[in-house]
Structure formats: C-alpha cells, structure tokens
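The next part holds the structures, each set out as structure tokens.
Here chain A shows up in two complexes: once beside chain B, once beside chain C.
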Partner chain A sequence: MQGTKLEIPLWLAKGLHDSKRRIISVELPKIYKEAWRTVFSADATVVDLHKLGPYYYGFGSQLLNFDNPENPEIAQTLLQTFISRFRHIMDSSQNAYNEDTSVLVARLDELERALFQAGQKGLNDFQCWEKGQASQITASSLVQNYGKRKFPEMDG
Partner chain B sequence: MEVWMNDEVPERSLLRYSRFQLILQGDLGPFNPGLPVEVPVWLAINLKQRQKCRLIPPEWMDVAKLEEIREQERKEDTFTPMPSPYYMELTKLLLNYASDNIPKADEIRTLVKDTWDTRVAKLRLSADSFVQQQEAHAKLDNLTLMEINTTGTFLTQALDRMYKLRTNLQPGESSHSQDF
Partner chain C sequence: MSWACPAPVQSWLFPLPVRVCAAGARPPVLGRVPEGRGRCRPCLGQGSEAKAGRTDLIFLIRFRHCCLLRNQRCILAYLYDRLLRIRALRWEYGSVLPNTIQFHMSAEEVEWFSRYKKSLATYMRSVGGEEGLDLTQDIKPPKSLYIEVRCLRDYGEFEIDDGTTVLLKKNSQHFLPRWKCEQLIRQGVLEHILS
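Presenting the complex of A and B:
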C-alpha cells in the first residue's frame, strides 16, 4: 500500500530497490543521518560503535546502494571514522599481550574487532618466537580433529 | 659465523653433511683445533651445544656499536640501516646458546631490544600517517622481515578495508558488492 512505512531486512530492500521505478524509498537509520555524522566528525574515537552498530561500516556501505542524496556525505563519514579510529586499534592490539582485552574491544564494531584480532595475532606470534616456542613443532589446527570423528556406520 | 674449534676435532678434517644431500650439500672446514673457521649459523649453534667450539660474535654485536645504532635510531625519523637483516634472530640465538662467548651479553640484549622498540614505534607512526593522509603508496627503507611480520597482517587488512571504504566514495557504481 502506498505510503506505508515498514521495517524490512536489507536484502529485501535491495531486491525491491529500482532507481527507475521507485517502488520503495529507504529511510536512513539515525546513526547515518546528519546529526550523528556531526558527532562522528567531532571525535569518532569515543563513540561506542558496537552499541550503535555492530556492523557500522558494513551496513553503512550497503546503504549506499539506495539513491539517497546524502550518500556522498555518508561515504565520507564512514571513511573518516575508520581513519580516525585506526591508530587506537593498531596500538592497543599490538601492545596488549596476555591481557584481558574486553575493555579494549568493547566499543569496536565487528570490522574493527576483526582487525584487532589480526593485530593480536602479530603480537602473539612475535612473543611466541621470543620465548623460543616457535621452534617447537605442533600439530596443525587443521588436523587436530582427525580421528575424533568417525563416519557413522551405514545401516543395512 | 665464525667458530673457534676446541681441542677435540672430528677425525676427518673435512666434514661432509651427507645426511642432508637431498636438500643441500657441500663441504665445510677444514676444522683444526685452535683456529677460527666460518660455518653456517645452524652448524655453529649445533657445535656449540655439543661443546665442540667457542662462537665468535659478529663485529656489530658490541656495546659501543649498538649504542651508536640505538642513538641514531632514536634521533632520525627514518629507519637506520641495520648491520644485519637478521639482527633480531642472530641476537636471540647467540645470546641463548653462547652468551658465555659474548662480552656484556646483558647490555647487548637491552640495547638490541631498545632499538627494536624504537623501530617498531616508528613503523606504527608511519602506518598511522599513511592512513591519515590516505596515501596511495609508501616506501620504507631498511626494515627487516621480523619487523614487517609483526605489523604486516594487521596493516594489510586495515588498508584493504580502507580501500573498500574509499571505493564507496565513487558515485555511479553499478552495485556495491554484497560481501564486506
């Protein structure tokens, strides 16, 4: 029905969207609108992207599929937010060794958390080498489960 | 890597490592007691562990030289060329297995660690300014593999993400990809 406002999943909105026929128009979630964009440009490092997101970058990028006049500003905000938070993610992930990192990752969105993991891996691998553990041969995680599962017997 | 042979020496004056013939092959020596000889690091460590020799540290593994390097590293914005592309690895190996052959081993350990810390901090600073200014490419001279590997995975993934966010800025893309 024309003029109805509905909540639908992103994939459905993408499917229905057609810039020529204008079946639907998409309303931006508030964190991508101007008021919040101003907050991000003031200081993006303090924002809790996990609470607001948790897929702030991913979802924001997908939103750009719909012909919204604010798209250039949204795209710019996504990029600038990432850039300003980069330093903190790099420093914290590469310095926190063998610590509880839950506070450090609490306000990161999912993309940033994956990056944090990558930083931690670099650090952990280095520390492992430093301690002389790198020369010990260990079973690859790929084969550790071999022999633990057996194919079920075929019945009659 | 130079080793100084102790008095007991294998009977044959040339050692052949025939067990490794499939992978590598060659002759080393001659091994004479009381005379220095150049060998690959792996053999030096092995002989040392078997107490058949004394190791001679490389000439850069010296307090004065390393202090000089550390000062330069702290002073300059760019990376100091290191005396060996494997300075970290060699330091660790020699200090672990042959610290008795290395004068002032503890000081050396500290100096190398300080230099490493400074270099890694510089690397992160470079990475951050690279990202801030959205450069297309950068060149960093005189880094060693060890330093690159520590930050590498993080940096390449971050730049990959950033690149995708940058392509968002181009209008008129036929469709933004589904994966992120």
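Presenting the complex of A and C:
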C-alpha cells in the first residue's frame, strides 16, 4: 500500500531498493542523522557504540547503498569516528594482559571488539613466546573442548 | 575461536530451500520452470502474469526473490563454516577423525574430507624432494629431537623407529622422539612436558 511506513530488515530493503522503480525509500536510523553526527564529531571516544547498535560501522556502510543526499556526510562520520577511537582500542588491547577486559570492551561495537580480540591474541602469543612456551605442542582444540566426552573408540 | 564439534547436519532440511532457489533464480518473466518443482508454482503463476502486463506484481515477485536469496545465503554461510572447521580438523587433529565427529558429518562432508586429505597428501609428496614433506608436522618450531611426554590415558603398546616398544599407561613418563609423538599429543593421548 502506497505511503505505508514499515520496518523491514536490511537485506530486504537492499533487495527491494531500485533507483529506477522507486519501490521503497529508506529513512535513516537516528544515530546516522544530523543530530547524532554532531555528537560523534564532538567527541567520539566517549560514545557507547555497543548500546547504540552493536554494528554501527557495518550497518552504516550498508546504508550508503541507498540513494540518500546525506551519504557523503554519513561516510565521513563513520570514518572519523573510527579513526578517533582506534588508537584507544589498540593501546588498551596491547596492554591488558591477563586481566578482566569487560570494562574495556563494554562500549565497543562489534567491529571494534574483533579488533580488540586480535590485539589480545597478539599480546598473548608474544607473552607465550617470551615464556618459552612457543615450542610446546598442545592438544588440538577439538580435544580440549570435548575432553569431557570421552572418545573410547579412538584407537589412533 | 574455538572449533566446536560440527552439529549433526539435518540433511533433509537442505534440499527444500535450495531446490526452490534454483527454480526461483530464473528471471520470473520467463516463467519456464520444470514441472517437478511444484513449490515454485506461485512464482511461476506470477511470472507469467507479470509478462502479461500486471506490473503491480513486480513488487511481490521481487520480495519473494529476496527472501529466497537470503535463505540461500544463510544456508551457504552455515555449510561453508562447517567446511572450514572440518578442514581445520585435518591440520589440528590428523587424518583419521574420531567416530563421534564423523557421526555428525553429512555424507558429502565426509567425502569432501577424504578428497581434501588426498589433495593435501599429493601436494605434500610433490614438495621437498623424494619422500615429500609432511607439512602437518612441526607446526610449532621444534627445539630438540627428543621430548619428554606424559601419558594422559591408557593407550597400549607403541613402537618407535629402532624397534623397541613402549607401553603407554596413564601417568607414565617417557623420553621419545618428537616426530613420533606429535600426533598423539595433538590427539590428547600424551602431554608435552617442558623442563
């Protein structure tokens, strides 16, 4: 029905979007609009991106698929937000060894969390090497995770 | 990322959406779908009506097409992820998978695994001179030829290259050549002890 407003998933909106046929028009979620964009440009490091939508960067990038006059500004905001937050993520992930990191990752969106984990893995691998454990052969993760379930029929 | 054991594949689920997709992937306006794909008759009906000029149905066809494509994407993502984990098993665990894992793999996955094994073996034979090179060995840089190991569970007799046999009983410790033990350590039978 023409003129109705609906909420549909992104994949559906992408599929139905067609600049020639004009089946649907997309309204931006509020965090990508003017008001929030100025908040991000003021100070991006204090924003809780996890609460605002755990996929801020990914979803924002997908939004650029729809013809929207504000696209250049959205793209710019995404980039600048990422740049200003990245340094902090890199620092904290490389310096938090064997600690509870839940406070550090609480306000990160999913992309940032993946980066944080990559940093942590690098740190842990390095520490392992420093302790001389890098040459220790370990059981495969399959065995470690399923050690409780015995493999009695495993004869090697 | 921990490599969880692949869950049982419900193989009866997969033929349905994939068959529908194969039919629905044709441009609806052609409307030519083999008779056997009964599920796509609604698409078929709308396709020929669209051809007849009822453009208001384009939206509906497109909508259905989107949904089919999404289902197909989700299924493919799941199957591909399983495949990547199975491939990792060959490197981490060895060429013979325990029965409990094989039980959870579909027939196609088992076949894929054996073809991957064969492919890997052919490659390893072609690399590194006459006897080939076992790439799945020495994944971590070796420091010495012989290593200290402790047995984690009863395994039985184990023969080493020079002919002597060792009895691997739970909690017994041995000083064995690295290349013989590596696979057993990865499988959780032995534990590598660093001095």
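Going forward, the second predicted complex is superposed on the first by the 140 of 156 C-alpha atoms of A that agree within 3 Å, B and C clash if a C-alpha of one lies under 4 Å from a C-alpha of the other, contacts with A are read in each partner's own complex, and residues count from 1 in each chain.
Operating definition for what follows: contacts are C-beta pairs under 8 Å (C-beta built on N, C-alpha and C of every residue); 3 or more make two chains touch, one makes a residue touch a chain.
For clarity, every value in this text was computed on a predicted model and none was experimentally measured.
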Partner chain(s) touched by A:Leu111 [first = chain B, second = chain C, both, neither]: first
Which of chain B and chain C A:Gly132 touches, first, second, both or neither: both
Per-residue contact with chain A, leading partner among chain C and chain B: B
First (chain B), second (chain C), both or neither touched by A:Ser141: second
Chain B versus chain C as contact partner of A:Asn71, first or second or both or neither: first
Which of chain B and chain C A:Ser41 touches, first, second, both or neither: neither
Partner chain(s) touched by A:Ser93 [first = chain B, second = chain C, both, neither]: first
Partner chain(s) touched by A:Ile83 [first = chain B, second = chain C, both, neither]: first
Touching partner for A:Leu12 - first (chain B), second (chain C), both, neither: second
Those residues of chain A which chain B touches in one complex and chain C touches in the other: 132
Of chain B, residues touching chain A in the complex: 92, 96, 124, 127-128, 131-132, 134, 146, 149-155, 157-158, 161-162, 164-166, 168-169, 171, 175-176, 178, 180
Contacting residues of chain A [partner chain B, same complex]: 55, 57-58, 61-62, 64-65, 71-72, 75-76, 78-79, 82-83, 86-87, 89-91, 93-94, 111, 114-115, 118-119, 121-123, 125-126, 130, 132
Chain C - residues contacting chain A, complex: 2-5, 58-59, 62-63, 65-67, 69-70, 89, 92-93, 96, 98-101, 139-143, 147, 155, 181-189, 191-192, 194
Sites on chain A touched by chain C in the complex: 11-12, 15-16, 21, 23, 132-147, 149, 151, 153-154, 156
